[in-house]
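Data block below; observations after.
By written order: A, B, C and D. Residues from 1 in each chain.
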Amino acid sequence: MPATLLNVRLLAVTPNALELIYAAFRQCYHAGYVGDMWDGLMAGEPPREKQAAFVERILASGHDSPVEHVSFTFAIEGVSRTLTHQLVRHRIASYSQQSQRYVDASDFDYVLPPSLAKIPEAKARYEAFMAESAACYRELQAMLAAKGRKGQTSNEDARFVLPGGVESKIVTTMNCRSLLHFFELRCCMRAQWEIRALADRMLALCREALPVIFATAGAKCARLGYCPESERFSCGKYPARPA
Amino acid sequence: MPATLLNVRLLAVTPNALELIYAAFRQCYHAGYVGDMWDGLMAGEPPREKQAAFVERILASGHDSPVEHVSFTFAIEGVSRTLTHQLVRHRIASYSQQSQRYVDASDFDYVLPPSLAKIPEAKARYEAFMAESAACYRELQAMLAAKGRKGQTSNEDARFVLPGGVESKIVTTMNCRSLLHFFELRCCMRAQWEIRALADRMLALCREALPVIFATAGAKCARLGYCPESERFSCGKYPARPA
Amino acid sequence: MPATLLNVRLLAVTPNALELIYAAFRQCYHAGYVGDMWDGLMAGEPPREKQAAFVERILASGHDSPVEHVSFTFAIEGVSRTLTHQLVRHRIASYSQQSQRYVDASDFDYVLPPSLAKIPEAKARYEAFMAESAACYRELQAMLAAKGRKGQTSNEDARFVLPGGVESKIVTTMNCRSLLHFFELRCCMRAQWEIRALADRMLALCREALPVIFATAGAKCARLGYCPESERFSCGKYPARPA
Amino acid sequence: MPATLLNVRLLAVTPNALELIYAAFRQCYHAGYVGDMWDGLMAGEPPREKQAAFVERILASGHDSPVEHVSFTFAIEGVSRTLTHQLVRHRIASYSQQSQRYVDASDFDYVLPPSLAKIPEAKARYEAFMAESAACYRELQAMLAAKGRKGQTSNEDARFVLPGGVESKIVTTMNCRSLLHFFELRCCMRAQWEIRALADRMLALCREALPVIFATAGAKCARLGYCPESERFSCGKYPARPA
C-alpha cells in the first residue's frame, strides 16, 4: 500500500474539435447549412487559422455556448477521496468512479500530502496510520464475514474506517464550457492543492489538444483582470477588485 | 422559397465509443486503472463482443450513467421553428441555432406538413400564405430601414411575422443517456409528427454508429412493456399500464 | 385578437429566503448544525441586517452556490413565441408553456413591436397580417377537420402559419443563481428588446422580494466593470474590456 | 466524539405547492392565464381535491415536468462523508456542505454502521479506531502548526486521515422531479443502508408536506411493477423484469 502520484490519461476528445466549434458558431450567423460546409472544413476550407481567429473573436465577446459541442474524457488515478468528493460537485459533467462497495480495499494505496511529506515525523505518523487503517478495515471485514456478511456487504461497512487520503480512480467527461469554468475555480491558488494539481494537469492536456480554446484558460483572475477573493485570501498575483 | 425536407448529418461521435463506455463501467467495479487497460482495449483485448455483452448486461439492470461519456453531434436543417422550440426544451444538450436576428429571412424556406400536402386546396392556401409572410417581412424591413433601423435591428422586429413553419437550422450535441431519454419521448406515436421524424432519423444514425447502446432504443413503451399514456391517447401498440 | 402587453406575476418564492441562504452559507463554515440554528433565525437571531451583511460579503468573493437554495416562480403572459424560444434556452430552469397543440389559436392575441407601433403604416400592415394569419389558421383547421382531423390534430398542423409574434403564456421557475445569470445576459442592451423588458420586470420583482441578492443585479457589465461586447456592439455605458 | 444519528429537518418548501403545480399543468392546456386564476386557487377554487385529481391523472401519464416548480430544502446532520459523497452525485440539486477545511475536526462525531454495532468486538474496534483517527488528526495539525501552517491550511491536510465514517452536515435543495428520481434509486433495497435511511426519512417529510406527489413515491420497482435488477441482486419484493 504505497503512496501514489496523480496520473491523468486523456481517453477521448470529440474529433475535429476546432472545425466542430467553428461550424456551430457559424450556424448561428449563416444562411447556409453547416452540414453542407462540413466536407470543405475537413479539407481545410477555410484554413484552420481563419477558423481559429473567428472562434477566438466570438469567444472574447462572451458568447461561449458553442464550445459545449466538444467534450474531453479523462481517466484519473492517484487521487484521494477527499479530492473526488470535491470533483463530483461539478454538476455539468459525467463521472464513473471506483466503488468502495464492489472493490476490496484491504491493501489500498493512498495520497501523501506534500506538507506532511516534508516533515519526517509527520510522514512517519501518516504512513503508520494508513497501515493501521488498512489493518482495521481487514479486521472488520473478517468480523462481518464471520457473521455471514461477505464481499460487498462487508466492504460497504468496513469502508467507514477508510481515511480521506485513500486513493480513488475515476473517469470524467466535461464539455469545454464546463472545463473552462472548472479551471477558473480550481486553478486558483485558493483551491485545495490536490484538486489544483489535477486541474493544472487537465488544463495542460486540453491546451495540447485544443489550444484555440484553452491557451489562455486558467484561474478566473486572468480573465477578470482582478482577484475576486477578499484581500485576506488573495494570493496577490492580481490586484483586488476595483471599488 | 421552396418547401424543404428534413436533413440530418452526423458531424461527430466520441471516438472509440464502445471501448470508452466499457472502460467507464469497468472503472466502477475494478481494482485496476482503466488508463492502463486502454491500450489493450484499442488492440481488441477483451474482444469487442465481450465488451458489448458486459455493457448490455449492466445497462439492462438500469445503471446507465456511464453511457454519458459518449456524445453525438448532429447538424439539422429542413425543420420548422415549431420543431426547434420543442427540441430546445431538452435541457441536457447543447444547441447552436441559426439566428433570426443575424440571418435575413427575406426568402425563407418552409416546412409543409404532410397532412396539408395531401389536401390540394390546403397546400395551395399554405403556400400562398408563406409567400405573403415573406412579402410582409420584406415590407416591414423596408419601413424600418427607412427610419434608420437596418440589418439585424430590422430583422429582429420584422421576424415577428415569420410563421412557425419557417425553416431553421440547428447544431445539437447530446450524450447517449440524454439521447435515450429523447428517443423515449419523441419516438412515441404521441409526439408531434415532425419531431418524431427527426428523432427517428437521429436514432437511425445512432444505431448505425453504436448499436450496442441504440439497437433496442425507441419510445418508452418498448422498455416498459406497456403504454403509460391514457387509453384515450394510446396508439394501441402496447397494452395499457397494468393496474 | 388585440395586441397584448407583457404581464408578469410572481407566484412563489421560497419562504424565509434570506434566512435560508444565510443558513446554507453558515453550514459550510460552522461546526454546529443549522437545523438547530433555524428557530433562532426565525426569531431574528442573529438580526436580519447581520445575516444580510454576511451573505453580501461572501457573495462578493464569488462563492454563490448557496443562493441556489431559493427559487422564484413567475407566471408570464403577453410575450411572443419569439421570446419564449429564447427564454427556454436557459437550461437551469423549469418551464410549463401553453401548448399550441392543445390550445386553439383561432383568435390569438399578439405582441406588437414598439418599433412598428411608431410607424403608422408598419403598424397597419402588421395588424392586417396578424388578422390574415388567424384567418388562414381557421381555414386550414376547417380543411383538416373536413378530412377527419379535429381538435389537437388539426391545431398541431394549422399552427405552422402562426407568426412568431403570436402571444404565449408560460410559467417558469429559476433559482437565484440562475436568475443572476439570466439578468447578466438579458438585462444587457444587446439583448433583444422583448426579452430585456421581461428580464427587467422579473428583476424588479426579485429586488422587491430579496434585495440582499438582487439589489445590484443586472447586465454583466455592472459586475465586470467593463463591457465584454466588441466595440461595434457595445452600448457605451461601460468602457471596453481593458487590454 | 460520540456516534451520531441521522437527523433531517425540512427548512423550506415552495409555498402553495399543490396550487402551483396545478397552475403550471393548467397553463399548458388552458387558453387563459394562470396569473389570473391564482387568486381563485388561493381561495380554494377549484377545491383542492379537484386540483389533486387533475395533477394525479396527468402525472400518471408520465408528464411530470410541472412538478419541478416545487422544491424542498433539507438540513441534514448525523450522516457520514461516505453518504455525502454518494448524495452529491445527484446533479439536479443544490448543496451546501460543511467544509473539512474551514471547520476543525479535532473532536469529530461519527456514524456507527448497525452491522458493526451488533458485534461487540467490532463495535469496540471501530470506536477505538475513531478515537485513534482523531488523535492522529490532532497530532498532524500540531506538527503542521509548528511549521507555520495553522487553521485551515493545517485542517486541509490533516483531514486526509479522517475516516469515511466521520460525521458531516449538509443542506440540500431538490425539486420534486429530482426527488422522485432520488427516491426511485435510493429507497431501493439495493441502495447502501445509510443513504436509504436518509431517503426514507426525506420521503416521509415529503409525503407529509405534499401527499399528492409523494404518496406512492419510492423505489422504482413500485412504479415499474417489476424489479430491474438482475436476479442475483433483487430483494425479491417484485418479480424480475418480464422477458
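Rule of thumb we're sticking to: contacts are C-beta pairs under 8 Å (C-beta built on N, C-alpha and C of every residue); 3 or more make two chains touch, one makes a residue touch a chain.
All values reported here derive from a predicted model rather than from experimental measurement.
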Same vs different contact residues, subunit A with subunit B, by half of numbers used: same
Selected pair, greater C-beta contact count between A-D and B-D: A-D
Of all other chains, the one whose Cα centre sits farthest from subunit A: C
C-alpha-based rotation, subunit B on subunit C, 0 to 180 degrees, nearest 5: 180
Rounded Å distance between subunit A and subunit D, as computed from the means of their C-alpha atoms: 25
Rounded Å distance between subunit A and subunit B, as computed from the means of their C-alpha atoms: 29
Gap in Å, rounded to a whole number, between the CA centres of subunit D and subunit B: 33
Interface hub residues of subunit A, defined as touching at least two other chains: 95
For the subunit A and subunit C complex, residues of the former touching the latter: 57, 60-62, 220, 224-225, 228-230, 233, 241-242
Subunit C contact footprint on subunit B (complex, rising order): 80-82, 84-85, 88-89, 91-92, 95, 100-101, 110-111, 113, 115-116, 118-119, 121-122, 125-126, 129, 132-133, 136, 139-140, 143-144, 147, 149, 153, 156-157, 159-165, 192-193
Residue ranges of subunit A in contact with subunit B within the complex: 7-9, 11-16, 20, 23-25, 27-31, 33-35, 38, 65-66, 68-69, 71, 73, 75-77, 94-99, 102-104, 169-171, 173, 175
